[in-house]
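Two complexes are shown next, each including subunit A; its partner changes from subunit B in the first to subunit C in the second.
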Partner chain A sequence: MAASTPPRAGTRPASAATLAQLAELNQRLAWKPAARLQVEGLSIGYSTLRGRFHAVEDISFEVPAGTNLGLVGESGCGKSTVIKALMGLQPANTSVSGRALLDGQDILGLDDRGLRDIRWNSISLITQSAMNSLDPVYTIGDQIAEAIRAHERVSRATAWARAEEMFALVGLPAGRLYEFPHMFSGGMRQRAVIAMALALNAGMLLADEPTTALDPIMQSQIMTRIRGIHAHMRRSMILVTHDIAVVAETCENTVVMYAGKMAESGPTADVLERPLHPYTMGLQNAFPRLPVPGAPRQPLISIPGVVPNLLLPPPGCRFASRCPFATDLCRTTAPPVVRHGAQVATCHHTDRSEEFRAAAARPETWRNMRGAA
Partner chain B sequence: MTDRPTIAPDAPAVIEARDLKTHFQGHTGLINAMLGLKPPTARALDGVDLRIREREIVGLVGESGCGKSTLGMSLVRMYQPTGGQILYRGDEITKAVGRQLKDYRRQAQIIFQDPYSSLNPRLTIGQVIEEPLIIHGIGNAAERREKVIKAMELVRIPAADNIDRYPSDLSGGQRQRIAIARALVLEPKFIVADEPVSMLDVSIQASVLELLDELSRDLGLAVLYISHDIATVGYICNHVAVMYLGRIVEEGKAEDVLTRPLHPYTQRLMAAIPRMDPGEATERVELRGDVPSPLAVPPGCRFSSRCPYTTPLCEAVEPDLSDQPSGQRVRCHIHDDRAARAHPELTPPRPGLVTETADAGILVETLDHA
Partner chain C sequence: MRAYILRRLAQSVLVVWAVTSIMFFMFRVMPADPTAMLLERGLTEEARQALLQEWGLTGTLWDQYVAYLGNILTGDFGSSFLYRKPVWEVLTPLIINTLWIAVPGLLLGAALGAVIGTAVGWAERGGKLERSGIFLATVIRGVPNFVIGIALLTIFSSTLSWFPGFGMGDPGATTGFARYMTLDFLHHLALPLIAVIIYFMPENLLLMRSGVVENRTEDYIELIRAKGVPQRRVAWHAARNSMLPLITWLFPALAETIAGIVVIEIVFSWPGVGRELVLAVTRQDYPVAQAAFFLLAVMIVLANLAADLVYGKLDPRVVYK
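Showing the complex of A and B:
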């Protein structure tokens, strides 16, 4: 690492030419339309020492232009795998099939050049571990400015000025653009990555657990920024999180994944208030809520068992070993995708969802499952 | 996991901290050494009073870096406090050494956040749980095995199937239960659980919280539960303490602190938590900036650099904890006029009155310049 501390100067005064170019750049970026993304039949297979397996199987969803989609589910169920494939970041030897149309263009089969063209520019990413998206040997400012210059023909000074604006947007002082990633605290790094992801005002933002592991104040600061920027500029976003309260606040639509498959999807209000799939009901119950003044404490109910081994997926419904409502049919036959209005669920018994919802709210329903898994 | 058992206010404390301080000595840089300057001191834990009684779970919340883990580590004597006292069942153990310290460490255990790295991967689960017994020279092999099996039963991991497996064969939730079994095998009376579920999926964290709740009831354990996830605190805690920059700024019954917070910091901490109503992103007053460094603790109220109600009194005089009619204890001049009466020349803060001193960028940020 560099031995000397980089200058902790504030903003360099920008020249009139830079300011003019910056105004032009900002205008051009502001005109970018929000993107629409249609994912159809997406399957992703990893090859490992112990064999090949599908980490994601036949997922379909749509993100209408200017809306946010929440992607939720337990860890290991394939959320990051979907996001990486959309960015073309899957490891070698990964098989990807299906289509992902970004404003009509399939982005799954793109070559390196094609990927370079869309990354940051049309589709950008905030990852789970901000440190991995930053290069430790360059200053943060250089990294943002270079990302801008890779797509826009502007001077270095203009790109830097835009980076300063982005830093202001995420609440970081411009002087800190001169610092290296290791000099930032976890929360500041996460904000720097957000600044980078927003720098080119891409029509589609992928945010993979942008606030997991941060304290509540930091989480709220970062989500408020992401949300504010998105609402203001009418961008589209896929937000991966296991915090369903954040989804409830942020996303118009929600996809619930379980063991590589789509369990349920639809408008967030419907999915969270009237879930059709028992897994969604289980996630709802397990999610801790703040106490309500005067009301008795609600029980917190865990979902017994664990996600099945994807190398040897069970024959019927993948949730059957943990589902309190599983029938023989569930254990032998893969459930169909059933549509109820705008809501879709992969379950044999969606017609009994009302009865299930009532039962799922009782701790005994899940407790009696113990030992089954 | 429903309402917690009520704890008599005069029940004796299992563990008690009195004005407890743990300061860390920074490194002396070369220049400082040449100038003869003392290295800076990090006042990570700076005067905390806390009591935890039998069957009581006390929640400890606050931003990253406010000193929660330092308090937990100091209470179990993994850090040596630099001031104040720790009483275990009335006996002072703050400076205990040798035999007395070893005895205390049997009674006071800590569980950490990361169930993936906190268990030695080369030991079987049985060996992992047995290890503390060996360290403390307890029992012969057969007796130890019996204790291990009993501890595994307590955490609901069937011993027969699992005792000879390795931690890597288990899920995160199961590993965290093994870590709890390891802490329980010594039959402690006090447990610090430092973010025990924050690395676990919501679907399984409930089972670990439920377990802590049951153990405290059944074994009469006193538990300090440290967490960023304030909603979980509402489920298992009797009492909640909110820390800011090394001190407790508010404490009281869990319901009161979580639903009717009085301290401006607690109010903002609670407002930061997302609510479950779809589409209802509450307009939040954002708390700007970071917790000041414990190397440079501001004079006066520690929250004054971020508080919207700050006045000259706040910046000059640190408030004491004061008892409120609602039962909470709060460290803020708005709720305690003793300092204002002692310093009539300094303007005191008033409820809801956002001050000019504070207005410099603390309040609502508009994103108009986006």
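Showing the complex of A and C:
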């Protein structure tokens, strides 16, 4: 079939009416301010056959308008669950409590109608696996136009013209709007998904591991693209990732999650330079850093053990079983939320963080701990 | 694309040739003599030989086979032994009768099955609509189609007397094409048509449902939902993708179902080509039976070809080579 109907190479010639409508649409969308998001006490649980699964417990953070927030943690710690709940995409048997105020409006308890209104209009999504997140039987252009026309009363031609502009923004030739997802490479698909997320200039962007499925070169290209767009359009964004380096480059604030709970949060520079929580320290060790000339090479250290079973969460700190500094107190009593300036950590021993940081940089600290456990 | 169609057509011709040959020899192997039916009425041996001569049943089997293939190539299937008329003259009105119940029946069955299947697949998992939909579809699919026919006859014809239960029109009704345009014809058409719909719908419904259930949890559906498009539109995307496996099944099944319509024609005494096929076999009326089987074979082959072409239209990932 592809042989008989080749994708059109160029763009559709736009009529004067389309151009006028496009100019009007662009103006309306450009006026949208960046959004501010305050999440307070967000808890998410699934009821399963074996009991309640506490996927996320009591998470609070704020994304000031026009800033980026990095949400980091290893796989399965609840990052994507938070993003889904913010979009109202959680499965049917999920209970969500707490509040998420998007420019003052609580978006957690919205009904179908309310959700439809905010989705893509005020809060849009760059999905985790761009490989599978496009409908295989529609052209990319159709899928972008569908998002635009779900919210704006514009003609098909205008929606396509807007899609062309979004394609230019992410560096894809407009002619490829007429192609189907399977004709795109992984990197191009990811860019198409970004173009789609930008289509209505939503004030808040949720980027759920936008580069995980890509090779390192493509990852850096996509992140550069996202940062460039961010600087240009001044949107707010939550960036979910397990790559600390990306967060350091992109985000003003950082939230570190562990096993569904917030381990640490605060301004990115503080969190990465003076981590208060041993988990953050461990996470930093687990990522490669470019060697500094003259200085000894930093070995990669992984955190031993696995995330605890969230059906039966341990009574004390959830990180206690993997923490080299855990005391009896940590194993029995849930840690308090401690504030140090702009930084917040959920740990009993934040006052000893300086001592911990020195110890955590040494590989034997983590290795010895494995023997003890 | 053109090369692909030509190659598929060539393959189809081969298949049809094989089917016609197998049919030819199978009928010749059958023990009964087609003149037996007439012998009872006191046919002399001379007359019998004359008949065999006329029907082309003399000479070696090979000679008969060559003559038979030659005739088919020119579209000549011979004359019915029973009606003493060219086969096409016998079959053409019957084919039209069959099309009257088959075409709307299969189209409506497939369309209703797809629509209801989507609704059932999109409904809450484990909810009332899903459970009752699957239950009904499975039960109906399990029931043989003659039972469906007899049940319809018992309820709507014998008990309620809403519809006639026999044939295509009351005696003395108009003949020719005009008879299809009468209310009386439509009245007779109703029950067998409903039987075909009920017979064909459940499998469509179940296939569509499982497709929608599979697709609704895909990542791309989540993104469409995240875009804030209305529920119905989201369900459409799931349905559109579920059509692909349905189509692969649907076209060959169409041809198969036409064979299943034979039973419905017999139950409702509908004078269609399927009923005639059964009668022709029991009467040793080779030419009619051969032509009817030939038609079925051609239909099944064409349906498979159509399935491949439609699939390519629906799925942009398919490339013909």
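Throughout what follows, the second predicted complex is superposed on the first by the 358 of 373 C-alpha atoms of A that agree within 3 Å, B and C clash if a C-alpha of one lies under 4 Å from a C-alpha of the other, contacts with A are read in each partner's own complex, and residues count from 1 in each chain.
We take it that a residue touches a chain if its C-beta (ideal position, glycine included) is under 8 Å from a C-beta of that chain, and two chains touch if they have at least 3 such contacts.
Only a predicted model underlies this, so the values are computations on that prediction, with no experimental measurement involved.
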Room on subunit A for both subunit B and subunit C (clash or fit): fit
Subunit B versus subunit C as contact partner of A:Thr224, first or second or both or neither: first
Subunit B versus subunit C as contact partner of A:Ala92, first or second or both or neither: second
Spatial angle subunit C-subunit A-subunit B, Cα centroids [nearest 10 degrees]: 80
First, second, both or neither for A:Ser321, with subunit B first and subunit C second: neither
First, second, both or neither for A:Leu115, with subunit B first and subunit C second: second
Which superposed partner A:Asn132 touches (first subunit B, second subunit C, both, neither): second
Greater subunit A contact set [subunit C / subunit B]: B
Gap in Å between nearest CA atoms once subunit C and subunit B share a frame through chain A: 5
For the subunit B and subunit A complex, residues of the former touching the latter: 1-3, 62-64, 171, 173, 198, 201-207, 209-210, 228-232, 234-235, 254-255, 258-260, 268-281, 284, 286-288, 290, 365, 367-370
Parts of subunit A lying in touch with subunit C, wherever the complex brings them together: 1-4, 87, 89, 92, 112, 115-121, 124-125, 127-129, 132-138, 143, 146-147, 150-151, 180, 182, 193, 196
Residue numbers on subunit C that touch subunit A, as the complex places them: 1, 124-125, 218-220, 222-231, 233, 237, 240-241, 244, 312-320
Complex contacts: residues of subunit A adjacent to subunit B: 74-75, 165, 168-169, 171, 185-187, 213-221, 223-225, 227-229, 232-233, 242-246, 248-250, 268-269, 272-273, 282-283, 285-293, 296-297, 299-304, 306
